[in-house]
Each structure stands twice: as C-alpha cells, then as structure tokens.
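First subunit A sits with subunit B, and in the next complex the same chain sits with subunit C.
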Partner chain A sequence: MANNYLTTESKKLATWYFTFAAIIFGAQLLFGLVAAIQYVMPGFLFEIIDFSIARILHINALVVWMVFAMIGSVYWLLPDETGIETVGIGLGKLLYWVFVAAIVIVILVFLLVQVGPADQTTIWFITEGREYIEAPRWADIGIVIVVLGFIYNLYATGMKGNRSGIITVLMADMLAFAGIYLAGMGYTDNISVDQYWWWWVIHLWVEATWEVFVGAIAAYGLITMIGAHRKVVEMWLWIEVAMLFGSGILGIGHHYFWIGTPEYWWEIGALFSALEPLPLVAMFVHVLYDWGKMQGEQNAQGKEISVITNKPAFTWFVLNAFGNFLGAGIWGFFHTLPQVNLYTHGTQFTSAHGHLAFFGAYATILIGMFYLAVQGKNGIKIMKSTKKSIWATSMIVGGVMGMTIALTIAGYVQVLVSRAQMGATWAGYFDGQAGMWFAQGMDWRLLMGVITFVGFLILVADLLSIGKADHHER
Partner chain B sequence: MAKKSVWSDNRFWQRSAAWITGFASILLIWLTFDTIPQITMGTDADLKQGVTKRVPGPTVINYKITYEMNAKRMHEIPVIGGMNAEGTSAFEEKELFFGRDDWSEEEASELLHLGKLGSQAKNCMDCHTLLGNGAYYAPDLTKAWLDPAWGPEGSMQAITGKSTKEEAMAEFLQHPSNYPTHARMMPNLGITEKEAHGLVAFLKHMSSIDTNGFPRNFGKIQGAVHGK
Partner chain C sequence: MVETVIMTNDILAEDFLTIFISSTLVLIFGGFYVGIYTAVKVNLLKKWTMPIAYIFWALTGYCMYVMGSLMHINTFTAKALVVAAFGLLLLPHAVYYMQHKVHEENKH
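Showing the complex of A and B:
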C-alpha cells in the first residue's frame, strides 16, 4: 500500500468497500460450493451446516457483496463526476465500519445459531427466514441507518458539486433502492401478503433499481475507459432509465401469478416482464456501438491503438452488457409467461436464471469496478490485462455458463417429470430429483462451480498483483 | 438551418424517463390498493356465511379441504368444506384437526401465528418453496397438506406410526431424521410439539389459498408413469 495515488478520501473509502465486497464474494462462492456438494452427496455436513444454512449464506453474501461494491462504486465515481471531494466523508467512513461489523455478526449468527424458537425474538435477533433478506430485524434497522448516511453523502455531494446526468440518475435510483428495503421489514401471518411485499424488495431491486444502477455505472465506465462523449452516453442513460423502469416496475406482476393474488396479474406480469429484455438489448448495443464509434474516431486520425484505458475492466463491462442481456433477458424470458411459469415456477430453471442473471447483470460490472479502482490506486494511465486476468475471466465466465446450462437441463427434467408428469407432489419431486439427467446436471454444476471458484482465486491474485505489473503505461 | 431535433435532446429523454417511471409507479400503487384487500385474510364469519376468500381465515383448519378442477376458471381451486353445485366451496363438511373441529377464531389464529413464525424461524424457505418461492432442495409446500403421501393411502402415517395426517406431519417435523424417505433428509431443527402443531396448521391454511391453479394437477397422478 506504499504507493497510493488516490487523492480523494472518497476513492479511498471506495477501495475499503471493494475490499470487503471481494472477501464476501469469496464467502458467497464457498457456501455455494457447500450447497452444490450437498446436491451430489446429501450427507455432507448434515446437521452441521445444512443446505438451508449454506444457501442462506450463499445468497445473503451475494446480496451483501454486491451492495458493498455498489456503494463503493458510487464513492469511487463521485469525485470524478462532481469535481469535488465527497461531502460528509468522515460519516461515510464511520458507517462503513458499522456496516462491516453488522454483517460479520449476522454471518456468525447464521452460521453458529442458525435457527430459533417460533417467536419474535428469533425474527429480531437470529433470522427473519425470508429468502434473500433473512437478516434479523436489528440488522435491518442498522442497514437502513447506514444506507441513509450513504444517501446523505450522495445528495450533499451531488447538490454541492457538479450534478451530472449520471449523478442525477444515481441520486434518484439509490433513494428508491433504499426506500424499497422498508417494504421487506414487516411481519404478517398472511403468507400471501408477506410475499406480496417481499417481492417489492427483491424484484424492485434486481429488476429495476439495480439495473438502473448498472446503466449509470456503464455510462461512467464508457466515459472514463474509452472516452465516450458524455452527451451521447447520458442520453442513452435516460432512455435506458425510461425503458428499465417502464418495463421493470410493472414486470413485478410475473411474481404475482401464484401467490394468492388475483388473476389479472397474469396479463400485467406477462406483458411488462416480456418487455424487460428490451432495455438489456439496448444496453448491449449501446456499449458495443460506443466502443466501435470511439475506436473508429481514433482510427480516422491515423492512430491504430486501442481506445481502451483499462483492458481488464472494460472486458468485464462488455461481459456485463452481454451477460445482462443473456442471463436476465433471455433466461428470464424463457419462463416469464404464465403458461410456462405454471410448470417452471420454483424449479432449477429459476435457479439457472438466478445464477446467470446475478452474474451477468451485476457481478461482471462490479468486478470491472474493482479493476478501475486498482488502476486508480496505482496511478496507471493505460492498464493492460495480465495472464491472470485472462485466466480468471475465462474460468469464471466459463464456470458460470457451465453451471447455468447444467441447472437448465436439471430444470427441464424437474419441469417434465416432477411437474408435468407427476403433478408436483412429494413423490413427484423426488422422482424428478432421481432422474439421470437431473443427477448428472448436479454433478456438472458442482464441477463448474469448482472452476468458478478457482477462477475467483486467480481473480483475487490478479487484483492484488496487477497494479505492480510493469507492462502498463503510467 | 434545420432546428435541432427533440429526439437527440437529453432534457426530453430525462423528462420522458421521469414521466414513465412516475406513471408505472402510480399504476403499481393503484394495483396494490386493489390487490391487498383481495388477499387480506378472511374471518370465521366469512367461512360460516360461505363467503369465498382468496386467503381464508385461520378457522379453515376446521374444514375439509380439497383441490379440484374448476370448469369456469379452467384450473384447480381449493374447495373448502365440500363442493357445491357450482363446483366451488360449500363450507359445510368439517374435519377433525388434532381431534377437534371447533377451533375458535382466537385459537386458530394463535396456532397459525405460531406456525408462520416457525416457518421463518426455522428457515423453511431456504430448502423448500412456499407458494413456489424459496429454495429447490426439498418439495414445494404450497399444497403439502393435500399430498397423498400423508393421506390414508400414503406411506407417511405408517412410517411415523400415527393414524391421522396432522399427527403424522407433526411427528415428522419434530424428528425428521428418524423417518428418512430419501438419501436427502430433513435435518432436526429443534421443532417443539407446539411449534409442530402450529406448522401443520400453517400448512393446512396455505393449502386453502387460491393460487390460480398452481401447482397444476397436484396429487392427481400417482405412480402412473416411471419418472426416470
């Protein structure tokens, strides 16, 4: 850490956020592996770390590392966009430690206490038991306070400094992102009402506010990494916001097909969620078009060198553009229509979509931000890939694609055997699970998970060492 | 010179984004105001007066529940207390639940409350799916109450040595690893007898929710095909 080229406290804080995010990313993959092993060897860690616990840690670590990396990304780009140091950075640093401490306690409680008696103390201190947002209520309140502090930093800085289009979008988006979390904090005996509001958090995060966040980060990346014109990029960003929110907000209907809600959600959910892939196509076209355009402008000046100032980061940004479209768009569209979803809902098909969508839409661009931070921290003008960057990228992308395909095949077996043939009973469920293609799918998923994990280890090694490589332009 | 087109104007797109987002949000909120009353839990009076609710009151545990194809809606619906001439709930036929069919509204609510809290405190949805949402490591519980495996023809009553569905379920929930059905087992989660009764009430209540025909053909096909 001797040579630190970072001149703003905001960017330093961003690197703290990225560091913790990367650690939790590792935890996510590790517990994912435990769960994947349990599909193949059901006795593995039985009644020690059961599947439910491994999975809670797998998906909550996923959410947490992404939220950390998202907050880090905002702290990273704030000084660049606004032209000033982030307002209230001292508060930001304090809240960082509060946030880290809260997360560590929640993880330890999940791991060591696991479950509680059926009363409110469990909801307050151990687990809320609601997928993705199992964190107990004390932590919910803590998270709200921390995020409010972050929102204050963002708003105060945005209003004091130059409020660019990107910052304006982020200000609106992050407020919605935080506000929606409140919908998931209540308790009710009515499971239908419970899931109605639960989806406000989950869906309006990952299919609306997070996607807009990605649009804003991609815009920032295009400006900083290939010198795309702000006017063009921000116009695209506004179009993307219109398309993402226009389809995504009412696209929530595709979660309201079968939870007790009225039948009219079939039509609303089908229509709007079918439109959800469109902005993702637009984002993909936009990133590639701008890249080609900037490279073309440079070539026209007789310069035959790449316009990209950070090769590994830009690679991940392009993978994001494609992965978002493929994982969230295509794999989501596969099972979004109610006629199909009647049979696919709650099968490995959903799991296949979940893996590729979270990876393609979010993990990719956030890894790209890690590389941008490494570049800034080491004062590198043009950062090039190393052998490790290429290996890490190939193994992670190949691993996640492999898991997705394996889960998709397993999902088909489950849909056909457990659902269509056997009518979804206990016996039908286990008949599907025993299917040869299902079992082989789970074997392949584990293998591909191991490849992903090894790729992650190489990624960490690269992030720690690439800044010191001597083939960059400084 | 031609005037600059509005289509390349950032302000135009910013305003469009704001209007579209606002419009979509207002529509969602409006639909929420329509949906929430429709999925608010019914009462004992509703059941007694034969009022069909998408989510019936907790005293539904006093009634016999089945899952029948409805000709008008063209999918299965929960039928409570026997079927009437229109193929919907008659709210007449009762059924003993832990030896009683006269659970008061207060008692039944308490039982359901315990069960729903228990379902969260034991992280049920991190292995199972509830209403199809959750994890995929164990069977869906949406209509688990109606699963033939727990009925008089199924194997679970014999395995647990109990003579009713609810007792077999409660016994299994308390000591799941004593009754392994597959290599993949449910772990012991420290569920007490009282909590188990609550959880079974929660499952019975959930099976009475109108899920628009999900899951399709539940419990209708038994061993008719070789699944592998």
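Showing the complex of A and C:
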C-alpha cells in the first residue's frame, strides 16, 4: 500500500521483509499444529503430510521467518542510525524477490515432493536433511548470494553514513551470521563430523550471533521508544556482546556431549554453559534499568506521563527481556550440564526449551519490530495498544508458556521412565511415551498450540488495523 | 583414564525433581540478586534492602550446591559452578561501575 510516511526506500523494503516474515510465521504455527495433532492422533493426514514433513516445515519456517524479520529490522534501522538512505537499495529489492521465490519453491518441494532417492539428487533438489536448515543445496547457494547482497548493503551504508555503535555491532555480527551458515553446507558421510559442523550453524547462530543481534535491536528500541541515552545504551551493548560471545561461542560444547566428539568437550561445555545465563541476566536488567531510569527522569521533571512512544512494541521488547531469561536462561540451565543432560537429551525437555527460547529470545523482539514499522508507516507519534494488541499478546504468551509447561511435564516423564528407570532402552522409549502424564502433556500442548495460533491471527488483524485507529497521537 | 570420567554416579530417580527445581532457583535467585542490587543503585529501593540482594546471592550459591551434589558432578564441573557463582556476584558491581562512569562523563 502506498503512503506518505515512509521517507526512505530502505524502510519500505523493511516492510516487505516484515510482511513475508509474518506470512511464514503463520505457516510455522500451522505446521506446528499439524505435528501436535499427529502426536495425539497419529493417523491425522497420514501419507499426505506425515509427521516428518510437518516437523520440517514447522522448524524451517521458524528459521526463515526470523531471518526475514532480522534482515527487515536492519533495513528499518539503517536510515535512522546512519542518517542516509541505504546504499544499493535497488539490489536489496531484487534480492528480496529472489529470496522470496527461493523460499516459496523450497516450501512447495517440501510439501509436494517430500522425499527423494538416496543420492545427490535429493541433496541438490529436495532436502539436505540437516534439522533447521533442510533447504536443498541450490537454495543454500541462493541464500548465500542473497545474504552477501544484504551484507554489501549494510557495509556500504555503514561506511558511507554515520557508523554508530549499534551499526558497528551489526556489521560484525551479520558478517559472522552469514559466514557461519557456510559451515552447514559441506557434505561428509561421517555423521559425527557432519553434526560437529552443523552445530556451528545452529548453536553459533542462536546462542551467539542471534543473541548479539537481539542486543543491538533492543538498544535501538530503547533509544527510539523511551529516549534512552545512546552512550549508556551502547555501553551496555558492548558489555553484552563481550559476555555473549565470551560464554556463547564455547558454550557449543553442550551440543558435543553425545555425538562422538572427544571427552574434553564435556568439560568445556560444562564450564561455558554454566556462564551462559550471565549475559541473559544482564540483558534482562538492562531493559528494566533503562526504562526505570528514563521514566524517573521524566517524573522528576514533574511530567507524570509515560516515556514510551510505542506501547505494543515496547510490551514485546519487555517480554523479550523476560522471555530470553526464562526460555534461554532457566529452561536452558535446567539441562545444560552433562551429568543431567545424559538423561534429558532428546526428550521433550529439549522441545520445551526450544519453544520458549526461540519465542522468548527472538519472536518477541521481532514482533516488536513489526509494531515499530506499523508506527513509522502510519506516521504515528505515540502509538497506543488496542484491545486486539492486548488479546494477541496475552494469547500468544499464554499459549507458548502453556506449551512449554506441558512439554516440560512430558519430558520429565521421559527422563524418569525412559532414562532413569529403564536405562534409555528401546522398550523404555515406548514406555515413556505410553504414560498417562506424557499423553496428557501432548493434549495440553495441542490445546495451547491452538490458543497460540488464534492469538497469532488476532496479532495479524491488529498489525493490519492498529495504524488506522484514532486514539494515537499523530 | 579415570580422571577424565565425568559421570561418576547415576542420578537417583527421586532426585530429578529437586535438581530441576534447584537449577531453576539458581537463576531466579540470581535474578533477584542482580535486580535488587540494580534497583537500590537507581534509588528504586532503599539502601537498607541491599543485604537482601546478597542473601539472594547466597541462596543462589546454595541451590547450585544442592543441584551439583545431587547430580554427582566431578571436580571440574564443581569449579565451573563456583566460577559462575562468583561471576554472578561481580556482574552487577562491574556493570554498575561502568554505568556510573558513563553517566559521570555525560554530565561533564
């Protein structure tokens, strides 16, 4: 839709990225629901969309929508931070369409072709078979080209315009983000070696480069939404970067406990995993500290009004601080030491952690960016929540928390029955899943998944309509 | 080699719940410690509440001890947990010190 409020092409491109991200977000939830139904009714969509396919679509869509929203976020903040239009924006737009086309084709192949012969044809044209990054090799190469173009846009703009601390962090972080993806593109017939490199992508993305990205976006959000002092915010950002990379990079050891890597990874994993919650505590305090500080300064001037210029976006940013601490911190620390991970590994505990961590650490702040874009697109000075915003937030947060708790209970049953009592045997695996608590956990997970999906539909309705509401300050 | 064996004992089935709860409390109490410390420093809480922050840090350490004991961690992991506990103790001090310096620089 054309409008007069977006003054730069970069921000327009950002809204394209956000729009496609929201569509794929919906697909992620939809296929998650299909997989959740199949846990309760195994015959559901049998031989049409089997569990393996629903799961592929669920987790790959998760990664894709987040990557789209992250690239969109960078295009959104670039003009604000650098003071200039993004360099090479025409290339950025072309690559956007290339990226969208590639993703649509990959999804259609996953849905319609699903499996192929056990040879190179499948790797090149159907799937590479690595969890989270299952795109076939042609799409892998396409993604690399698109991201290289994006990196060019970011670097050229950062070098030409004002290079703030946030931009500097993003330049380094996005280069690492793109570079690490290459580690998941090679081929080896040794599963231990394959997993070793695959974790470079998955772990170093989500527990290093993505977390640093979140720190940078939170810094931008605090400056734009509550007027936090840039120097203070950027100082926090550098501390977070040091702590996140310091603990997160070698924290990869907790993925190397049981894949055939040398035993020293147990000790490296234990040490750095124990340190990993520290930056999450720091990030949690960071947001609340700056919010309290700015509101205090406002109140001291006798102005009893909120400092927040975008209520729904800020709500999601605060939820990010909580969610990151809960999902990545608490649910991660639960089972990060090798002594207990021996029992929890591969149970629904992992799934509970995955759900809350991806949601809490990433989905929240990216949804916040969607609202920032709606505010900018509609020329709103102070954007307030609507009933839809509140319902969407409550249902999505409640739904994801409910799923996490249900999966944790199911995982606990598996730890006790399948692992502790029956010693990780074949019979133990099935006995663990046959228990009443496990089955009820799966029922509750489905119910909470439905609530999350309905919340998502309300969120979309809100994003489409909130800009037109007349209770904002313009 | 015996020295490198990290799994010294099986975890008892009845200990898992205590392990999960104590590991949760490690971070919750740790969060309270950092939160109260920060709130006192930005004058949201009165100064006399600061000892409460340190009580929460001590509780964090105790929960780590309970968790580690029940997991039968080896010496190295025990040292890693002690490092993490002291890291948490120093974290708000270091961050607030830098925060204070930046604010001072901004004023002048």
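The rule we apply is simple: the second predicted complex is superposed on the first by the 471 of 474 C-alpha atoms of A that agree within 3 Å, B and C clash if a C-alpha of one lies under 4 Å from a C-alpha of the other, contacts with A are read in each partner's own complex, and residues count from 1 in each chain.
As a working rule, contacts are C-beta pairs under 8 Å (C-beta built on N, C-alpha and C of every residue); 3 or more make two chains touch, one makes a residue touch a chain.
In this text, all values refer to a predicted model and were calculated from it rather than measured experimentally.
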> So, A:Met235: does it touch subunit B (first), subunit C (second), both, or neither?
Replying inline: both
> Taking the superposition as given, does A:Leu342 touch the first partner, subunit B, the second, subunit C, both, or neither?
Replying inline: both
> Taking the superposition as given, does A:Gly302 touch the first partner, subunit B, the second, subunit C, both, or neither?
Replying inline: neither
> Who wins on subunit A residues touched, subunit B or subunit C?
Replying inline: B
>> Going by the contact rule set out at the top, does A:Val285 touch subunit B (first), subunit C (second), both, or neither?
In response: second
> Looking at the overlay, what does A:Gly90 touch: subunit B (first), subunit C (second), both, or neither?
Replying inline: neither
>> For A:Tyr39, using the defined touch cut-off, is the partner it touches subunit B, subunit C, both, or neither? Pick first, second, both or neither.
In response: first
> Taking the superposition as given, does A:Phe51 touch the first partner, subunit B, the second, subunit C, both, or neither?
Replying inline: first
> So which bits of subunit A does subunit B touch that subunit C touches too?
Replying inline: 231, 235, 239, 263, 266, 342-343, 421
> Inside the complex, what are the residues of subunit C that reach subunit A?
Replying inline: 4, 6-7, 10-13, 16-17, 19-20, 23-24, 26-28, 30-31, 34-35, 38-39, 42-44, 71-73, 76-77, 80-81, 83-84, 87-88, 91-92, 95, 98-99, 102-103, 105-106
> Within the complex, which stretch of subunit A touches subunit C?
Replying inline: 229, 231-232, 235-236, 239, 263-264, 266-267, 270-271, 274-275, 277-278, 281-282, 284-285, 288-289, 292-293, 296, 325, 329-330, 333-334, 337-340, 342-343, 412, 415-416, 420-421
> Across the complex, what residues on subunit A touch subunit B?
Replying inline: 35, 38-39, 42-43, 46-47, 50-53, 55-56, 114-120, 122-123, 126-131, 134, 165, 168, 187-196, 198, 231, 234-235, 238-239, 241-242, 245-246, 249-250, 252, 255-263, 265-266, 268, 342-343, 345-348, 350-351, 414, 417-419, 421-436
> If you look only at subunit B, which of its residues touch subunit A in the complex?
Replying inline: 8-10, 13-14, 16-17, 20-21, 24-25, 27-28, 31-32, 34-36, 38-41, 54-55, 58, 73, 109, 112-127, 129-140, 142-144, 147-149, 177, 181-185, 187-190, 192, 195, 198, 202, 206, 209-225, 227-228
